[in-house]
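Look for chain A in each of the two complexes below; its partner is chain B in the first and chain C in the second.
Now for the complex of A and B:
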């Protein structure tokens, strides 16, 4: 059996999407390892292809989301994640992971602040692919994911910065309408290498077709049980895109 | 100076030491009661006399720690003494004696069902939650609790710790179950209550309570990463002073980790949060009524939640369980270490050393440490050789581990502090509280009431869809992360539009091909006039919702969570007895055993105009096995050309319905439940589901058939054309009852036209009739009866009323 690329899922106190994210990574071909932050050392990253920052509430996110996670990570391995990226490694941050990557300065500058509604919002959103990315190659131009966050409004120092991210391809995915007040409806960002990607919605929650809220999603003929039905949800294709990038670049 | 005064004076003084001995052997009943009240023990005179006798037998005096331990153990909250009482009950002229409601109507009924279904229920009543078998390897469990009194006083923290507490129940079930889904059910005063309708000072407005409670559940559940998937809200003025907050959590566990046992030589350890003065007397506090003073004085009984502390402890517990390092585990809930260690050491015995407890603040005396209900603590019994690995895991997950003491096989619970023994109790004595004797009485209040003529069905339907009992809970549901863990297959809001209501929630269970359905039912309006009918209908509705979602009707289990006002009031207790009889009768016929339950008494309030009690309120929640993901069935219309049929018979009675409330039909007869017929229907329905013949199904409940049809069509797929001419009914059923009556055991189902004959064949002679069709050519809900058009309304307008009804208030 071929050796699977290794994905390391960092777990902070309060990270709570690590198990389903590990499941998604395993399904597309990664081997996974969940590492509590207390056990993280620079050596932990040896031989790892992907560092995954899953969703949740690291340290409760009582101060700005992702802030404490950043401080502890830097205390543990200093600029280790930056070096990991420079050495060809991939980093994916979903929801709280996106917030942490933003705090770490691994993504274009900006902040994720409280939704304009002032509320936690758990709902499905339609999204648009705005740029090529190794994380999106197998996805169509439009797709849906569930989101669940209170602080997902992406803002930049000036509105001009956000517009620039749209133009230069940093803003790889946007919402199809204004769901939380994000500038330019930005839902996710990539860095210049394309190997660092962060996004608020949750692809790991849409791994299988039946995870969709509409039982007839991509299945207009309900009688055709099992015959030609789409098995996978859009989330599968995000993780699978990543897997193919990782394995082809090795 | 009398003996009592000297004792009270002695207690009133700051303790000279960390504990003290109290001379009670010469006190009479009145003095003992004063002592109980002074110490906030919530023990009755009879209880205190029993305590005195125990100590006379032992020929010594109790320490304050021991009295506190006994008070915790005997509190209603921990011991459920009203459900164990002897009750003289009179109903409609007939008298009977019920020896323990729990044993007669819950335990014995469930045991008979266990015998009928061997191997299905794997554990019930003795653990933190009951387990049923999911497949050969895994079991699932469910537990629900109330957190009413704390939520009345401090809604955010009360609800916060309510969900935190029930999650710990699951973590402490078996050798540690994984929390996989939560439910929450609330009863509040109406959101538009005016302040002059609140007849007491310092009582929070229902809106303040609702917002605080929802945010409390949100901030704890979301941070713990447990999807809140199921729930209900009732609004009624009887809940203004005593809101009800039910929190429930389901879990999964490998079957091999269900049985647990403490043995001599094991270490007793605790993990999680530290111990402080927060949460003193929570158990005894919730066993007494509220008044304005409670809002001032009982604040220390409400604790502060810290979900991240609990998340770390949960990560530790599940890792330790999977490494097979846990021999016994339980949560630290009401009564703190005293009840957790008491439960753990009641048979084995052992020593707890309070010097090892890490504290939030200095200067705590022995009893405070031992009974503090500080949150986020779990107590475990482990083998000594596992300690090193357990410490490693605790460090890894950054949770604090302390060694509380040892289990020693002596049968004696011994507590030491500063080198002295501050408590030494024979555990077997701790669990024998005196049996209470109560009397109860119930007279049926209902009468036959003529149904109003339906002049404008559309207007009536609009009013119902705007009623607080029916409106969408979407503003609240969206605040809960109901999809974390990635396993919520049937979501609380779904259908093609993503926002239509569903009857039950269905969760994928990691590691199994099978799924779990979860649902809740609560019908307090029915119980105001006919508590027995409320009991049967609640069980029916809970089961019907799970079955509708695709669960096997023969593999369901339910929980009973009661709330009531004053059990010493005969009428109120009588309503409770009738409710219990109702749920017991239904459980037996449906073969759905109770696997866990809880009760909350003293939900009454001394207002300026006298005491106000809540109505006897029963929450039935359930879990059921869904055999295959292809069986999962939602409640929303899926096609433009399908047929709509109804299952079950519509009866004439309008009592308890939202329609009756709106039309002012007081005391109308409440519908009964034909349970045998219903079970037949559910089995047939399941057969149709297994054959892939059901596109969608929605239960008929609040608002009746018309509301059910509208809600099904809120998916936006098509309009509906329905003719009630062939509706299966009982005798003399009015048009009002056909459209808006809430008689139980009915489902509206959507069927592909080509499958109609097969479905009809499955139901045979039972109540089943096609009523109409999905109409892709328009988007109205059109209901006729022959040539009479009863309702013809645009669905988008109906949906807007329903969807936005709560939005102004939350």
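Now for the complex of A and C:
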């Protein structure tokens, strides 16, 4: 029997999207394990291909979103996640997971702060692929995902930094319009290896076609027609892209 | 010894103060929020400052003011509020728990008091009673109003 690549989902107090993210990962071919942060050691990462940081409100977003999760993770395994990446491991952060990856310094320097609206925004957003990424290879150039966050405005020390991220491909995905005040409309980032990726919208909430708000929405992926893949939503293709990259690099 | 640190956001503009209230204001007021951390400690002050900068401040999006002075000037008034003594303050507990987990923090954290400040700017009257009524929870918060120099 083919061995599935292992995905480890870190769960902090307040993480609440881990179960549905685990289901999405299982659908595309991963085996999954949800591990509470209190049980995390460097040995926990042995044999793991993907560390997943799911959405939610880790530690109640106290101090600022992702801050305490970062501090506790560093306290538990110090630079363990950095070593995991350097040894070929993949890291994916969605929403609060993106905030945590940013805080951990595993993505290009920046911060996620309160939306310019000052509100929690829960809506569907159109997004554009701006660079090649192992997490996006099967997605079309434009796609939609739902987002739900209060602190999703990506900012950098200077506006020039964000422009540079657009030019050098670090800003792998952007919103197609100004949704929350993010510099350069950045919705997601990747690091220089391409194996660390974070974004605010939620692909795990659009795994199936019927998850879309428009009942007439059709899967436009090139390989979908007549293949039995018509049932999938865009989120499937993000996770499937990741799966194919992980299995081809093993 | 006691040190006070006030953290403000670099990228968040002043908002319309009506957003904080159930009924519209008579005048035009805008607001900005900060967080103030009052820390009683023993030990090396530099270690405390390092702890605060690493734990409580975001180097990209926030600014840190040290001392008793207010982070902003020219405000009409500021409402400062926080948890009453004895009320469960989960943020405080999370920070203390993190500090306890540090092997050699270089200082002893004796007491931590977290306060939120809302500064009101503009030409409106000092209607602080309305802000207290709509923002503070009488069961768990205590508060004070700081008059501005304006």
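Methods note: the second predicted complex is superposed on the first by the 239 of 250 C-alpha atoms of A that agree within 3 Å, B and C clash if a C-alpha of one lies under 4 Å from a C-alpha of the other, contacts with A are read in each partner's own complex, and residues count from 1 in each chain.
The working rule: a contact is a pair of C-beta atoms (placed from the backbone, for glycine too) under 8 Å apart; a residue touches a chain by one contact, two chains touch by 3 or more.
Nothing here was measured: the structure is a model prediction, and the numbers come from that model.
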| item | value |
| --- | --- |
| Broader residue contact with chain A after superposition on the shared chain, chain B or chain C | B |
| Contacts of A:72 with chain B and chain C, given as first, second, both or neither | second |
| Partner chain in contact with A:157 - chain B first, chain C second, else both or neither | second |
| Touched partner set for A:244, first chain B, second chain C, both or neither | neither |
| Which superposed partner A:124 touches (first chain B, second chain C, both, neither) | first |
| Which of chain B and chain C A:59 touches, first, second, both or neither | both |
| First, second, both or neither for A:191, with chain B first and chain C second | neither |
| Touched partner set for A:146, first chain B, second chain C, both or neither | first |
| Those residues of chain A which chain B touches in one complex and chain C touches in the other | 59-60 |
| Footprint of chain A on chain C - complex, ascending | 9, 11-13, 15, 19, 54-56, 58, 60-62, 90-91, 94-95, 98, 101-102 |
| Complex interface listing, chain B residues touching chain A | 218, 222-225, 306-308, 311-312, 315, 395-398, 477-489, 491, 493-496, 498, 510, 629-630, 632, 634, 638-639, 692, 695, 752 |
| Interface residues, chain A side, partner chain B - complex | 11, 13-14, 16-17, 19-20, 23-24, 36, 38-39, 55-57, 59-60, 119-124, 146, 148, 202, 204-205, 207, 210-211, 213-216, 222-223, 225 |
| For the chain A and chain C complex, residues of the former touching the latter | 59-60, 62-64, 67-68, 71-72, 75, 109-111, 113-114, 116, 118, 153, 155-157 |
